[in-house]
Amino acid sequence: MNNKLLVISGIASFIIFIYWATFGSWFITGNAPTFVGVIIVSATIFYYIDGAKSGKEIYLRPIPGLKAIEEAVGRATEMGKSVLFVPGISDMDQVDTVAGINILSHVAEITAKYETDLNVPTCRAIVMESAREACRESYLRAGRPDLYYDDMVHYISDDQFAYAAGVNGIMIREKPAACFYQGKFYAESLLLAETGNSIGAIQIAGTGSASQIPFFVTACDYTLIGEEFFAASAYLSNKPELIGSIKGQDIVKFMVMILMVSVFALDSLRQLGILNFDILVLLGLN
Amino acid sequence: MDYMDIFGVWLSVFLTLSIFSYLYKDNPFYKAAEHLYIGISAGYVAVISFWQQIQPNLFGRLWPRIDANADMGMFKSAWYFVYEILNWVSTLGGWLDRSIFPANGIKGFDGISWIYIIPFMLGIFMLLRLVPRLGWLARWAIAYIVGMAAGLRFYGFLNSDVLMQVKAATVDFSGDWWSIFNGLILLIGTLSGLVYFFFSKEQTGIVGKISKIGIYFLMIKFGASFGFAVMGRISLLIGRFDDLIVSNSPQNYYATLWILSAMIVLLGIWAFFDKPETEELTV
Amino acid sequence: MFLKRQMPAIIAIGVGLFILFGHFINNPNVQGFVNNDATQWFDIIASFAIFLGALNMLKLQVLKVVKKQRNWQYSILAIFGFAFAIFAGFFFRGANYITLTDIHPQNVNKLVEYISTVQEVDDPVLMVKGIQGSLASYEIPKIFISRSSAEAFSVTISGIAKDVTLGVKPWGAHVQIKGSLFSWMFFKIFTPLSSTMFALLAFFVASASYRAFRIRNFEATLLLVAGIILMIGRVPVGELVPWWLVSTLMVFGIGALIAPLIPDKKLLFGIIIGGIVLTSGLGILLDWNLAVNMPAILSLPNISEWIFDYPTAAGSRAIMIGIALGIIATSFRIILGIERPF
Amino acid sequence: MDLLKKIFIALGSMDRRFIFLLVGLSVLLPKLYPDLFTLPIKASSHSQRVFDEIDALKEDSKVLVSFEYGPSTKPEIHPSAIALLNHLFSKNIKVYAVALWPDGNFMATEAFSQVADGYGKKYGVDYVNLGYKPGGEAVVKGLASDIRTMYTVDLLGNDIDSIEMMKDVKNLLDLDFIFSLSAGYPGSKEWVQFACDPLGIPMSTGCTSIQVTDIIPYVENDQIKGILSGMPGAAEYEQLVQDALNERGIVVSPGKASINMAAQSMAHVVIVLLIILGNITYYLTRKSGKKGGM
């Protein structure tokens, strides 16, 4: 197993060597730490993806919000009500929206299996198109292409609050039993979550917008907080390489923590006069 | 204050009160305001994105302003002939006045940047979604955007939200013990908060305890952000009441009072007759 | 089949790699593309797509009207709203203005009076100074939506200056000029709707906090305490909270913290009462009522600022790094091509 | 005692519309009767820091003010904009305005018309409005490298090079300070990431209170010099500017934010009382629930 580690770390250090050698000529100066960061992060995640693909078993702690997805769609089916999925108000140029669409493809697979009515109002036309692609493929995978129709995913408006007003209108008139808010949100998050609460729906939110997490935490039943939201689609797919990337992400997080502690320790020693070099200058982060 | 302004004030008061009526219940006033808002905003965004994005940034780069008698090569004059065709189309054969494609190109950029033909094509590919057989071309445009998002955000977030925060992990020991204590709180809180986000580690034993502390910091952050947000939201409500009070001035013929009382009366009548209608399930 | 399935993946992977490493390549065109053109391309594609979205919305509203589905009457309003915005954006500029050339100096005051009949002038003296500064050619700061109202006004002020010319703002600028039909629509219809929807949050924040801030467990209590302290600390009323109330609450807080450690409820109760008596006594002894010698820890705004500057900042930083790593991992999966939303 | 408990439980399950009414009144009453509710405003350290940074600027220094908010977030940020322009113009500082949001144009023209004439400032000499450019961070990066790649004309359409105060300004490095009036994305984060940090230009921000939690880490490690958070931040800055200008004999009408602070405080008090009430009824229902074994 560890010869894989040697190969990958060999390639990574070779790339960093070339970068160092041609620094200033091929490569611009000023963002060297970021380049080294990109290479190390990519190598780490790639190593664990590769490891997972060749069968290594990986433990993933349960995320409450994800187990509740199937349960929520089930409840909507029993009550004969629809499922509402809100993919956030940003466009496909935000990774949060891409993650939201990936979660939509899993939810669509469940609604196809349960034959529940799925309603996806979108705030951007490009999100509408890629959400349609995702849903069509999920209904195909679930073996129910007949249940899929294009206008299950429909456009409301590009404006943040016109979109919120439109989605509120859908909620209070069609009273969906399960509401999903997965994507990037701004101030309108509480408008949606409070309306969803007033119609008694199960609400599962997930977002990378740090400022909106408090509202989702207070108003929704389950909330995928920041990184949990980005890991959700890998969890739900349980494809080995995606789960491997979660492990890789954890290791990178561990590295960042080690880096922070060592920066703190070395800097404190410098301040106390024991060491005379400045770690931040060394790392080029000053 | 000509009639357009007064009508505008009455209209904005009516729309404001219609949206507020949503707090009572879903009612005809809110439905009207909501649907008008959806229509107007879809049109507004289409216009703004055309006049501030497609016309200046795309057409402006492909057909910049050239002085009429400049000697253009055979290829360039053919290119500006295409420009005239587009103009002919957009003014329906000259019937409308020349708006989108002013004579001799669009002021703004000095040289033609030919590379902008690619986003022009990708934009057309998106519109081809309307043609069933060619709809798959839109995937190329979406692929470009998703690829761009991955490349930009990978670099952006690694640079500003990870490395910059690592730089801030230092604690300044020169200050008094209180600032050192606070610096340590900051570091411990960040590290324990990060432990909570470990997925592939069982949250038991020492890891479980640290992540418990991390959750406490997260909860304080959520409570504080919520408390802070309450303040912002209240300010916006104050802003709306300001507008309603200002619109109630004599020269606006007391718009707010009149509309408010009319709506309350109408809502009362509507609520009286409304009982059966909401019970029946929508299709 | 290749063009439909594999080609998009190649584009995404290629563009992703090119833009990621483009940040480092020492070539002005590449740097220019990564820093500027990449997002401009996206904005252009998104602007084309907006028409796709508008058409879809229109199709659904028209279908609702044709099929007389529930609430179809309101869809007419949506269609009218869209048509009105397109009319004001593309077909009717409504941005007429008037310029006067070499105004006779003694007519300036009369001109200001005329202007105040069509537009609110909050400081006439200043307007006079402004006109005197540019007598040669002066553009009246009023934009007329209809050409007829502009002509009518130019007739009334015809004696003021040598000649009065009518003009229309260029296409494209009419969208930004305050006074055009489009900006009238923006200020009188679009803004009230969007800012009132935003203001609804004030009510929802209240109902959400009423329902959610409940002492269910220790974490929920932290959420509640931090929320209330921030809510009160950040507004002037926070100044008025007396020190003894803050100290009593603190004693209660400490009491709640140590409660699980002390099984005997009477002893716990005694400790809390003792704490309150001690702090209040100390306060009266050292005369904390005078703001100058009241310890900073007992003033609510200071506590709220501390909570905001340190524990909250730590929590924000943990979430920020977590989100950044989540985005980095997702971007990496896209660049590797193992996660594709299209 | 039992009656009291029943009242609280009944109150606990009250309809959310009753809460809406309470919040509405708590904001409306102080607005209609302002003199009943006047409260002192003490500046927080962050607002004081912003005031000191601007006050330390010398005469004829150049400041870029970026308008990235719209009408819906205007109540929280516009008062800061007005106070800032009063402060800058009273110190004869040259103001360069840009907008990263389309609505920023309307906000900028409104702010300038409200303040500039008061100090007899002339457009093109003392202040210039370059207007809105789409692209978010691309615009910030463009301004950092060369302004003329981004702006060839200003908002009113006259050529950049014909404007007197633009002559000696090639890019952001020629400016002394950047002030971002931000309500979201693109906003202060883009200014600090792509302009002020790389180029080392001092920067402050006035932003909506919800965005403050995202910006605080930058204020903590001094990448942003102080912050005006929401309407209270604006009210504090207004107060500081008003006191400083009164000392210099310049009369400034009381800012909108300060007047509205009373309504703000009342609403906060009502919400906190509601939370406390909610907890009491929750405690009672849980206790009686346990006893009743429901």
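Order as written gives the chain letters A, B, C and D; numbering starts at 1 within each chain.
We take it that a contact is a pair of C-beta atoms (placed from the backbone, for glycine too) under 8 Å apart; a residue touches a chain by one contact, two chains touch by 3 or more.
Fair warning: this is a prediction, and the values are worked out from it, not measured in the lab.
*Asks:* Using mean Cα positions as chain centres, tell me which chain lies farthest from subunit D.
*Replies:* Farthest by centroid: A.
*Asks:* Could you compare the number of C-beta pairs in contact for B-C with that for C-D and name the larger?
*Replies:* By number of C-beta pairs in contact, B-C is the larger.
*Asks:* With centres defined as the mean C-alpha position, give me the subunit C-subunit D separation in Å.
*Replies:* Chain centroid spacing, subunit C to subunit D, equals 10 Å.
*Asks:* Could you put a whole-Å number on the gap between the CA centroids of subunit B and subunit D?
*Replies:* 19
*Asks:* Of all residues in subunit B, which are in touch with two or more distinct other chains?
*Replies:* Only 19, 22-23, 31, 33-34, 37-38, 40-42, 44-45, 48-49, 52-53, 57, 126, 129, 139, 141-142, 145-146, 148-150, 152-155, 158-159, 162, 165, 167-168, 186-187, 190-191, 194, 197, 218, 221-226, 228-231, 234, 236-237, 239, 282 qualify.
*Asks:* Note the residues in subunit C that touch 2 or more other chains, in rising order.
*Replies:* Answer for subunit C, listing residues that touch two or more other chains: 20, 23, 39-40, 42-43, 45-46, 49-54, 57, 70-71, 170, 186-187, 190-191, 193-195, 197-198, 200-203, 205-207, 209, 211, 213, 223-224, 227-228, 231, 234-235, 308-309, 312-313, 316-317, 319-323, 325, 327-328, 330-332, 334, 341-342.
*Asks:* Among the residues of subunit D, which are close enough to touch at least two other chains?
*Replies:* 16, 20, 23-24, 27, 72-74, 102, 132, 134, 209-210, 213-214, 217, 220, 229, 232, 264, 267-268, 271
*Asks:* When you draw the chains as points and link the ones that touch, which shape shows up: line, ring, star, complete, or other?
*Replies:* Contact map by chain: complete.
*Asks:* Inside the complex, what are the residues of subunit A that reach subunit D?
*Replies:* Per the stated touch rule, the residues are 30, 161, 186-187, 198, 210-211.
*Asks:* Under the definition above, what is the set of subunit C residues touching subunit D in their complex?
*Replies:* Touching subunit D from subunit C are residues 35-36, 39-40, 43, 123, 126-127, 129-130, 133, 170, 173, 176, 178, 183, 186-187, 191, 194-195, 197-198, 202-203, 205-207, 209-211, 213-215, 224, 227-228, 231-232, 234-237, 239-240, 301, 305, 308-309, 312-313, 316-317, 320.
*Asks:* Show me the residue ranges of subunit C that touch subunit A in the complex, using the header's touch definition.
*Replies:* Touching subunit A from subunit C are residues 20-21, 23-26, 31, 39, 42, 45-46, 49-54, 56-57, 60, 70-71, 190, 193-194, 197-198, 200-201, 204-205, 207-209, 211-213, 223, 316, 319-323, 325-334, 336, 338-339, 341-342.
*Asks:* Which residues of subunit A touch subunit B once you look at their complex with the stated criterion?
*Replies:* Spelled out, the residues of subunit A in touch with subunit B are 31, 33-34, 37-38, 41, 58-61, 63, 91-95, 98, 125-126, 129-130, 133, 155-159, 161-162, 165-166, 168-169, 172-174, 211, 213-215, 217-218, 225-228, 231, 246-247, 249-250, 253-254, 256-257, 259-261, 263-264, 267-268, 271-272, 280, 285-286.
*Asks:* Write out the stretch or stretches of subunit B touching subunit D in their complex.
*Replies:* It comes out as residues 23-24, 48, 52-53, 57, 107-109, 156, 159-160, 164-165, 167-168, 186, 221, 224-225, 228-232, 234-239, 241-242, 245.
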